[in-house]
Amino acid sequence: MSYTPELALALLLIIPLVASVLIPLCRRHANIREAVTLISAALLLANVIYLVKIVAGGARPELHLGTFAGKFEIKFVLEPLGAVFAAIASSLWIINTLFSIGYMRGNEEKNQTRFYAFVAIAIAASMGIAASGNLITLFVFYEVLTLSTFPLVTHKGDAKAKRGGTIYALILMGTSLGLLLPAVIGVQVIAGTTDFMVGGVLEGKASMLAVSILLFLFAFGIGKAALMPVHPWLPNAMVAPTPVSALLHAVAVVKAGVFTMLKVVTYTFGPAIATGSSMSTILSWVAAFSIVIASIIAMRQDNLKKRLAYSTVSQLSYVTLGAMLATGYAIIGGALQIIMHAWGKITLFMCAGAIYTVAHRGEISKLNGLGRTMPWVFGAFLVGSLSIIGAPPMGGSWPKFFLMAGAIDSEKAILLAALIVSSILNVIYLIPIAVRGFMRPPDDPAKDAVIAIERKKHRWVIIPPVLTALGAFILFFFAGDMTDFLMPILPGGEF
Amino acid sequence: MTPHVILRVVSKLLIPLIAMFAFYVQFHGDYGPGGGFQAGVILAAAVILYALIFGLDEAKKAIPPSWVRIGMTLGVLLYGGTGVVTWLLGSEFLSYGVLTPDHPSHGQHYGILAVELGVLLAVASVMLAIFYAFGSRQPELSDEDW
Amino acid sequence: MGMLEFFPEWLQYHGAALAVVLPLLMGAICAILPSERLAWITTLIVVSICTVTAFGLLLVTFGGESVIYKMGGWDPPKGISYVIDGLNTPVIFLISAMALLTTLYGLPSVVAEVEPKKRAPFYGAFLIGVAGLLGMVVTGDAFNVFVFLEVSSISTYVLVAMGASRDRRALAAAYRYLILGSIGATFFVIGLGFLYMETGTLNMADIGRKLQELEGGSRVAMVAFGFITVGLGLKLAMFPLHMWLPGAYAHAPSFVTVFLASTATKAALYLMLRFSFTVFDVSFDYVLTVVTYLFTGLGCAAMVLGSLQAIFQTDARRTLAYSSVAQVGYMLLGVGMATSLGLTAGYVHLLNHAVIKGALFFALGAFWYRYGITRTEDFAGLGKMMPWTMGAFTLGGLSLIGVPLTAGFISKLQLAEAALQRGWGWAVFVIMATSILAIIYIGRLILTAYFQAPPEIDGEVVKRNEAPLMMLIPMWILVALSITIGVNSDFVVQAGQMAAEVLGGIS
Amino acid sequence: MFSAIFENFHYTIVIILMMTGLYVVFSSGNLIKKLVGLSVFQTSVFLLYISIGKVRGGQPPILVDDHSSGGEHASAATNLLAGAAEVPAGGAHHASDVLYSNPLPHVLILTAIVVGVATLAIGLALTVRIREVYGSIEEDVINEIDYRYNLEGTDS
């Protein structure tokens, strides 16, 4: 069998699934087990890179797996947006695996085999979401992602984990079954298909009322996008070990949410219809509201992971905002935000995990002076923060710029103001963490000296965040290429 | 148990008559009202009367419960077996006509006889089984407590 | 259908009667067999033959044919005829296949739950129950339906009461079931009486024709329809006539619960479909009104209230029993739409739910078998104590919720699509809201099982003790089937469409 | 209005019995009385069936003509069934020179009676067992015992 784009598309799913089967088989030998994860991650990345090139060349590899329940079809089509999502998830899987090895061994977590196996399944589900060719396929993998990450979120298995996991599952499954599924079926009934098509499938078929209802259902049904008020699962999912928070709640799960949002707006509704509905205006306000309020809540959190979680809620709403504005700039801005935020936020989470592993500290108020003992980690944290804030020359500056341009395009001054306010808030809640680490004197220098020794043992929790921080910086220079790559998702292929 | 002499004498006279009547009803079912159901109940009534007069133990000696159980099954099997025979002869279930291919109405006659006999056996046995089951329970409370 | 060649011509025609007569006769023999093992083997052989026969019949109807079996050689409408068509073969196959699986499961389970002396008669009663259910599905004669309905019901009362050696509440439950079941059957037979007064025939196809000629008939036909609806409603546990169900499911032996949950209400629902759509017809005003408003309304009420009640139960079997009430609501909702899509969806859910609930009750039975667990609070640590059984329970539970790649999802997808097609947006929200309730009541059990430590007895943690293989095999067959349907549901949907074609419905 | 009741007095009786039976089943707390109610209820249905089999002026459905020939036998039975179909319509005149009542409901109800007996037997058997394990045949008492059992999870 020759290596065709179709095969590559199938391999997207097969590689992580095979990994998830192999991992439990090698449970007796930790090193082999981790090697399996790393090798499959590398293979997956190579596969994705090949696919990205194909997609960049204008091809859209397709794969039909057959139909189920009558006329619903399981179908994969890779297009630029999906390729981008697949690229992020697969590249960060490698780095995250390195980090996981350091973290899980450093903290002597139990059930590591289960952890790696379910991460692999979650990655497979993410790949399924990325490559899905219609809404129903997307929905299927969306649910698989929720279920496969549930054991990860509740990894610790104690009462707190159970509570967090319950909220996580209840909100994500509740919104998806209660709102997203009706919306998907609604699209099927109205348009006769749920396929993704540039320019949308609802054009001329749905009344304004139906569009509004569907838009509402999608906006809140995609619980993974964490639009307020369906966001509580995200902070609650922080009971998970940090690698899980890093990979899933900075990359796979939340990005799957906003990715779905973008995909629905561009390929199901089509920007033209989406902007025409007054519901999109309302929802863009909700998104703006989420951006600001979540930032304010983030400021008040002392737990580092919680603060990052609320920051994620806020940053995700940028993408939702972009999707709801639905102008060319806004959509591209939203797509860029997915990429940039993923690299920025995973850096921050890994830093938090590194601090926890090395120094056993999770509260921001206890980080005084720690930057001097752990300069690389705090340096990476600073770079990541700057990227999230959107300060040039970090990757994160481009999406903010595009989104503001989008807000100006659609003449919505309030939204522009919200974006600016949020950037200021981002500075307020992120920068002091790094500043505290570098500038303040340590509370207990003796303890920090012990940490400095301890640090040497935990090489593998420190290298990955530095790598991703570097990535967040480098991405700044490739924004142009990415924009070109993403351009075909807009009808007409230009802004 | 020493039943009243009048009851004993009368029942001894009646029980054979009741049994006879049961068979009359059974076989006259072809021409008039009657059939296995009614005959079965009447036949069982004869035994039940015997049990009422002479006691359950005596009745069980006359008709042991194991017979009753076998009778139930045998009745059902006689009914079903007729159908199976018609099946084996290559026709529909209970299609008696094939029993005597050259004269279908005779076959119907034989078939219905066998089936009704099965019904008689089954119904009489079931009636007795129910009676035995209830009658032979040892009340764990005295009569006053009820 | 190349597979059809394996089934002899004789079986394709006589199979209809064979599937009913064989278990009936062997049930009678089973009751007097001296050894329980012998009874079990007899039962196994009989239900295997029934399953193969049913499969053959299924193939015949998948080939687009229908068979009318003339009992005793009498032509319909005078004689009793057995009808094999697209509507009933899936149900026939369901009943016999479930009987086969439960029999396998029964080898360890019955030994644990039924007194030694009663085991051979137990299998006898079971076979007669199977015969009754198959009979009421297969027959084309309305009064024959009543007879088989009662045959199956009476044996079911007995089977439920056999749970008394495990839990005395089985007796009270069986009694309640008996009273309500008999009232239901009597209502049904009153309805048949009126129907006979109106049309002068008992052959269901013939009644249907006569009623068409009379354009729905007089008030007598309406009254008949009312009585039949209430009677069958009791049997299929249509809300609020479901009062007998939780007790009967909760206290019967596990063996019986599984079989009841996956077949009894389904067969009754099949009859409801048969009577509402082919004997009567939705083109009659009164039928359409009942179907549209009563079935849908009560279906939705059952979905919401049944699910809510399921949440508040302390006994896991009761939770699932109330969930069954809710699931019957889904089927009724689909039927209530009366469109081709809706009927397909309702019918598909009928099949799917049997698979799902069967798997779940199998697992509950295994929990009882090993640790005597029925209460939800005792689920603590089951994830560690019986990983395979709990795994099956979890997958079954997810399917009940309606997670993608499981049978439950297919049902909900179809139902929701049918509802939207009918223009009933609200129904979609009822379906989805009750799915969320299902997350709660299933999730509660699963979370307890996985997140709480196994209990300690005398300071020692209870050890892992997996269910015997004979329990795991049927359980996992159903779980695998549920997932297979979730991935490729073509054959189930095809069965649903076949049934919808027979039923007609409004266009 | 009264004349309507008296003209259809069989229905009146059926309805009274039916309602009495149902009422007893639902209102009575005693398990035996419930079964009595159930039997009355079922009996009302037997009466209903038998009354609809009656043809005005019809004789008992016993063949009076020569029954030596099996062929005629069958044809007479066929006629009976054909006659049955016309009963509800009112005028029951057919080719046969003797007017028979419709035998089919009788046959049907024979089955129903058997079913009723079986149900009753099982109901009584259950009642006996319930009396043994619960020590009562009053529904309230049984429910109370079950309720306590449910709450405490033990058999105290």
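For clarity, chains are labelled A, B, C and D in written order, and residue numbers in each chain start from 1.
Convention: contacts are C-beta pairs under 8 Å (C-beta built on N, C-alpha and C of every residue); 3 or more make two chains touch, one makes a residue touch a chain.
Since the model is a prediction, treat every value here as computed from it, not as a measurement.
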Pair with more cross-chain C-beta pairs in contact, given B-C and C-D: C-D
Farthest chain (mean CA position) relative to chain B: A
Most central chain, judged by mean C-alpha position against the global CA mean: C
Separation of mean Cα positions, chain B and chain A [Å, integer]: 79
Computed distance of Cα centres, chain C from chain B, in Å: 35
Chain A and chain D: spacing of chain centres that average the CA atoms, whole Å: 69
Cα-centroid distance, chain C relative to chain D, in whole angstrom: 27
Multi-partner residues of chain B (at least 2 other chains): none
Shared interface positions of chain A, touching two or more other chains: none
Multi-chain contact sites of chain C, meaning residues that touch two or more partners: none
Chain-level touch network, classified as line, ring, star, complete or other: other
Pairs of chains in contact (touch as defined earlier), listed by label: A-C, B-C, B-D, C-D
Residue ranges of chain C in contact with chain B within the complex: 14, 17, 21, 24-25, 28-29, 31-32, 69-73
Residues of chain A that touch chain C when the two form their complex: 66-70, 72, 136, 139-141, 143-144, 147, 154, 157-159, 161-162, 165-166, 169-170, 173-174, 177-179, 181-182, 185-186, 188-189
List of chain D residues in touch with chain B within their complex: 60, 62-63, 67, 69-71, 73-74, 110, 113-114, 118, 121, 124-125, 128, 132
Chain C partner contacts - residues on chain D that touch it in the complex: 22, 25, 31, 34-35, 38, 41-42, 45, 48-49, 52, 78, 81, 84-89, 104-105, 108, 111-112, 115, 118-119, 122-123, 126-127, 129-130, 133-134, 142-143, 146, 149-150, 153
Chain D contact footprint on chain B (complex, rising order): 31-33, 35, 37, 103-106, 108-109, 123, 126, 130, 133-134, 137, 140
